[in-house]
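Going in written order, the chains are labelled A, B, C and D, and every chain counts its residues from 1.
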Amino acid sequence: MSGNTLGLLFTVTSFGESHGAGIGCVVDGCPPGMDLSVEDIQAELDRRKPGTSRHVTQRKEPDTVEILSGIYEGKTTGTPIALLIRNQDQRSQDYGKIVETFRPGHADYTYWHKYGIRDPRGGGRSSARETAVRVAAGAIAKKWLREKYGIEIRGYMSQLGEIAIPFKSWDDVSGNAFFAPNAEIVPQLEDYMDAVRKERDSVGAQITVVAENVPVGLGEPVYDRLDAEIAYAMMNINAVKGVEIGAGFESIAQKGSVHCDELTPTGFASNHAGGILGGISTGQDIVVNLAVKPTSSIAQERHSIDKEGNPVLMATTGRHDPCVGIRATPIAEAMLALVLIDHALRHRAQCGDVKVDTPRIPAKRI
Amino acid sequence: MSGNTLGLLFTVTSFGESHGAGIGCVVDGCPPGMDLSVEDIQAELDRRKPGTSRHVTQRKEPDTVEILSGIYEGKTTGTPIALLIRNQDQRSQDYGKIVETFRPGHADYTYWHKYGIRDPRGGGRSSARETAVRVAAGAIAKKWLREKYGIEIRGYMSQLGEIAIPFKSWDDVSGNAFFAPNAEIVPQLEDYMDAVRKERDSVGAQITVVAENVPVGLGEPVYDRLDAEIAYAMMNINAVKGVEIGAGFESIAQKGSVHCDELTPTGFASNHAGGILGGISTGQDIVVNLAVKPTSSIAQERHSIDKEGNPVLMATTGRHDPCVGIRATPIAEAMLALVLIDHALRHRAQCGDVKVDTPRIPAKRI
Amino acid sequence: MSGNTLGLLFTVTSFGESHGAGIGCVVDGCPPGMDLSVEDIQAELDRRKPGTSRHVTQRKEPDTVEILSGIYEGKTTGTPIALLIRNQDQRSQDYGKIVETFRPGHADYTYWHKYGIRDPRGGGRSSARETAVRVAAGAIAKKWLREKYGIEIRGYMSQLGEIAIPFKSWDDVSGNAFFAPNAEIVPQLEDYMDAVRKERDSVGAQITVVAENVPVGLGEPVYDRLDAEIAYAMMNINAVKGVEIGAGFESIAQKGSVHCDELTPTGFASNHAGGILGGISTGQDIVVNLAVKPTSSIAQERHSIDKEGNPVLMATTGRHDPCVGIRATPIAEAMLALVLIDHALRHRAQCGDVKVDTPRIPAKRI
Amino acid sequence: MSGNTLGLLFTVTSFGESHGAGIGCVVDGCPPGMDLSVEDIQAELDRRKPGTSRHVTQRKEPDTVEILSGIYEGKTTGTPIALLIRNQDQRSQDYGKIVETFRPGHADYTYWHKYGIRDPRGGGRSSARETAVRVAAGAIAKKWLREKYGIEIRGYMSQLGEIAIPFKSWDDVSGNAFFAPNAEIVPQLEDYMDAVRKERDSVGAQITVVAENVPVGLGEPVYDRLDAEIAYAMMNINAVKGVEIGAGFESIAQKGSVHCDELTPTGFASNHAGGILGGISTGQDIVVNLAVKPTSSIAQERHSIDKEGNPVLMATTGRHDPCVGIRATPIAEAMLALVLIDHALRHRAQCGDVKVDTPRIPAKRI
């Protein structure tokens, strides 16, 4: 297992390169008997696909998914669901010049030293194109979690570069290219991105993901804590450099009397824990923040070296996202869904099905 | 596997409760032929053990480790190394009053709902006492990494509550109870902690861990990225609420032209990546920050509920660390060592042994 | 994971050497809330322990088990159950002469070449002494399977050397040292073993294990078939050289019209399948046969070589079982129980709990 | 992981149904830098494909494989190799009548009870068609083992129904439809199969697989013994009911003085062990026998029941192999290759690369 399988019981085994025949995955462990159509998956893929606004890469990929197995008469059968997305818009010529050199900030240097060989076409396996298969697999997980437990997983951009984005409403998220939960701030974000592009630069972002209606009891206690698995899943997303749960890094400067969420007969009084205590879900909202670094591919000239160690100057002129965080929201949602379904199944294995009458103690957001 | 085994090839299977017979683990996959003595392990355990200063819990646990298997004539044999630490200072009476109630901020509530039963003595399995076995297992990993590759793993406290601790010297770290890399600031830290204890409160901290001399090429590319595995390992430490690699959350507001580390024939020009690109080690220092929340057990009265949902007021008067971050440094080092050895072995499996002549490109710290 | 952990969801991680401090294991994944005492486990260990008749090794090991964790007030808590059996009767001097030579038929040669080091005391890790921990872990599995589903797992010796042992009654099994299901044949078995010992030789045996009341539906369909997992578990027992399910090797010469079990409204008409079709349990009895090779340690002189490749003549004069098959029955039962509980939990994870009203179609034994 | 992934480090994740869009797999963990072409894989697939003689199913499947990922300029890159075989000859009408009834001897009954839903078209996921993907993945494993260590894996039919097939020469194996290692006996086999088909019946077979030039030291010592992993792999092949290593079931009646292979300075004196001692390869030939049951699908009328439990009479008139053992040889070879490569990589991880100067002690065949 060379790191291309995610999960223990609901597993996603991913394959494919940016400019090869296609990308895809095998989803194993999906419970049988759930309605599942191509449309269920395509709808999530369309939220992530490139070329939908001037703020993202202009590569034209319809990201059309084919279900190769695991479905009979519109229902999951409990056997592996294989998904295939053929690549369409491969312009390998864009990448010709980087075969012999290492793009700074990219995986070129590390892949070369690890494997002694690398597919340079569009970053090959290290391309963020691979995240489409997570979104596809996550669509299946999301559907099951919603139908079985009423769990709702949603994300939004909470910061773009230096601009914090105050949460206003979930309704605003789908109305703009940034997944910003605040329609009023969108013109400011657009101007900001236009300026970044004009400078031939890129910028980072923060994404927040929330899972609501999670039953109490998901997560293992010592090494596969729910928060640890979430941190693992999120840090596995290309360009993510930090993860926090609940109060996160703010808890460093907090006192115990402030951080620690009191319980009352009608619910938790706060949610600094972010919905997880002792590695196990509390029934409160699970709240996760991710730091996404700025795209390493920029059109400014940068110092680097070639395979022989000679200095080179290189600018990346292909089609790239000036802020990879802009398309990261559906990916982060998918990763959270994949962690939650895996732990829902693990919980069933050891402790039996989640009791429907377990209290879900409401809590204020932080 | 209910979450008590860490790693794929160098595995640690942990057991034990805070106030049961003892705690311990089975380490499987250690390469054969390495010198290993009780002293190698005990030295690390002594760095973490309780009762060594007034700023930590006064529970008296010598944390004496016994090696039950896997060693023959002072050398590892390649078979499982079982470690046992008997508990000595179990004052279960300290915990009697919490059997029927849920301590806020603790795992009591979640364990109860998950399992329908919990061992309330000292937090049972959810106690941070379990981290001793990670330190013990980590000692084995650290030794192998040092002897095989010259990897050095060290950590320090970089913030205590609101007090940032500027890095001055590794030499200062072992000279104070806080693992502070700056002897001058220690009196200030002591006064701060004395004040926190007087207020019957607790406080958070930030720990920084660094691995030096890591070969290029460790880490898997898509789902078991080295940074993802590190995030998983760190978030598995009790009380950790956030993890960042390299520039971490600062990268949100950075431009690509700033964040992206340029390569030169004599090395990387910076290390915002924190030593990992595309999930694989670059040969630079690996730099990780953790946010540790304030201890939930405080002597102030707090609102909570009992098993029947009735409101109660409870203060925790047992022996507790007023800042769990103070003893977290050796644990974080151990976790990083466990991730690195696992990936060193995984790398050997797929790609053969790390080439000794692979360049380790030096880099400035961020 | 260097092969010392068994199972996916109900895992047994084993440690220990024949003449080291002790042997033991960590059982992870046991469902919470089950009554479990030392006696439950000791009763099974006593069935396997050495020194109980003249037909087995005279090593005196009480095999007293200590439960180190995972139990609170007599019930499993869902956390790891660690078991420890201290070694008592270590006569390392018995083994002194074999440090430099390879006992033929033993793992000495292969361990030496694999690890470059081996613990020669009593075979070290390769000793069948390790099977005690499987019996201990299996006792937990057996208890859960019995209480939850009414599954009963029992075994017997079906052949000793050239003597086939016709099944007469389960009641006879516990009344003799051989686990023979036929009291009448026991004197013949005793005479046969006395003769084998007098010849300073050893002999093989066949063990049959049966699981009754297994629900329909346990097992995975393609690679973790229930029969494949059983074959794996049984072949992992020291000295086992063959495994068959149901008709086994007899099915080679059978016609489809004979082998294939017909279904009727009142049950299967036969059980050539041995209770498994398509890798999944049918509800019929699961029937497994194992071939156990003769003990390699015999007191006759045998040709071998030393570490330098020089020829040596060696006879093994320590305390050994003249037929390792005699004590294999409880081990085989334990292994079958460990496979079944793991698949019972896996079934719960993906498909929910086994339906209690699922028909268990009765079937004739083959 | 619902049982569709094989292996720990060289993993095969399989998908697909007999009459769905296609079958395929993701191979993860293949070492980088090996030449690999479609032809390498297709050559093995052609040995297994249906329709090549009158003694096998007449379904026309070219089994053309497409490599979707993991190859760059003709070499493996260390990233996942996805393989896809589209189904061509789906005659679902052949299977229409079995939707409501359970074919005796098939997985229909068990799938239905396990999942509550099943794909009845050609057996769906339980069809032996899935074994094509193992042959494809096994081709990659075989090639690496041959190029890296000179390991050669070959199999043959050693018994057809009641006819034992004495081994004469490896050269004969490829010259007949049965993989019989004895050209003289082929006319007898053909007559036998013609008679079986005329009786509208089926028959079992025994397959023998041999691996030569295996280095000493592959296999884990306690639970992932090489023989246990082989038993698991072989029993995972559809219709296999028994597995034996070396002397296998013959060892029951053997004395230790006969069974136990003596070592001499020039090699082992015999190979009753079948090339494995203590779960680890000895360097001798690994010898494995499998019992393959007769095909359950026969054209004679058989008693069965429908979903409601009503009695039915059913004959299976589709296109079926009258002896599934005939096409089993390439599958068994593939499974052995997949086990060996996984353990070769596991050995590298813990113990470093196999030493090239390790003696491979020759041995007589049994």
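Just so it is clear, a contact is a pair of C-beta atoms (placed from the backbone, for glycine too) under 8 Å apart; a residue touches a chain by one contact, two chains touch by 3 or more.
All of these numbers come straight from a predicted model, not from anything done at the bench.
**Student:** Which chain has its C-alpha centre farthest away from the C-alpha centre of chain A?
**Tutor:** It is C.
**Student:** Considering A-D alongside B-D, which chain pair is linked by more C-beta pairs in contact?
**Tutor:** Counting C-beta pairs in contact, A-D comes out ahead.
**Student:** How many Å are there between the centre of chain A and the centre of chain D, using C-alpha atoms for each centre?
**Tutor:** Roughly 39 Å separates the two chain centres.
**Student:** Would you kindly tell me how far, in whole Å, the mean C-alpha position of chain D lies from that of chain B?
**Tutor:** About 45 Å, centre to centre.
**Student:** Residues touching two or more other chains, restricted to chain B: which are they?
**Tutor:** 1-5, 8-9, 14, 29, 32, 78-79, 114-116, 125, 221, 346, 350-351
**Student:** Applying the document's contact rule, which stretches of chain A touch chain D when the two form their complex?
**Tutor:** Where chain A meets chain D, its residues are 1-5, 7-9, 11, 13-17, 20-26, 28-29, 32-33, 66-70, 72, 75, 77-82, 84, 114-119, 121, 124-125.
**Student:** Could you list, by residue number, the parts of chain C that touch chain D in their complex?
**Tutor:** Contacts found on chain C: 1-6, 8, 12, 14, 102, 104-107, 109-111, 113-116, 125-126, 130, 159, 161-162, 196, 199, 201-206, 216-217, 219-225, 227-236, 238, 241-265, 269, 272-274, 276-283, 291-298, 300, 302-305, 309-311, 346-347, 350-351, 358-359.
**Student:** What part of chain D is in contact with chain B in the complex they form?
**Tutor:** Where chain D meets chain B, its residues are 8-9, 29-32, 78-79, 221, 345-346, 348-353.
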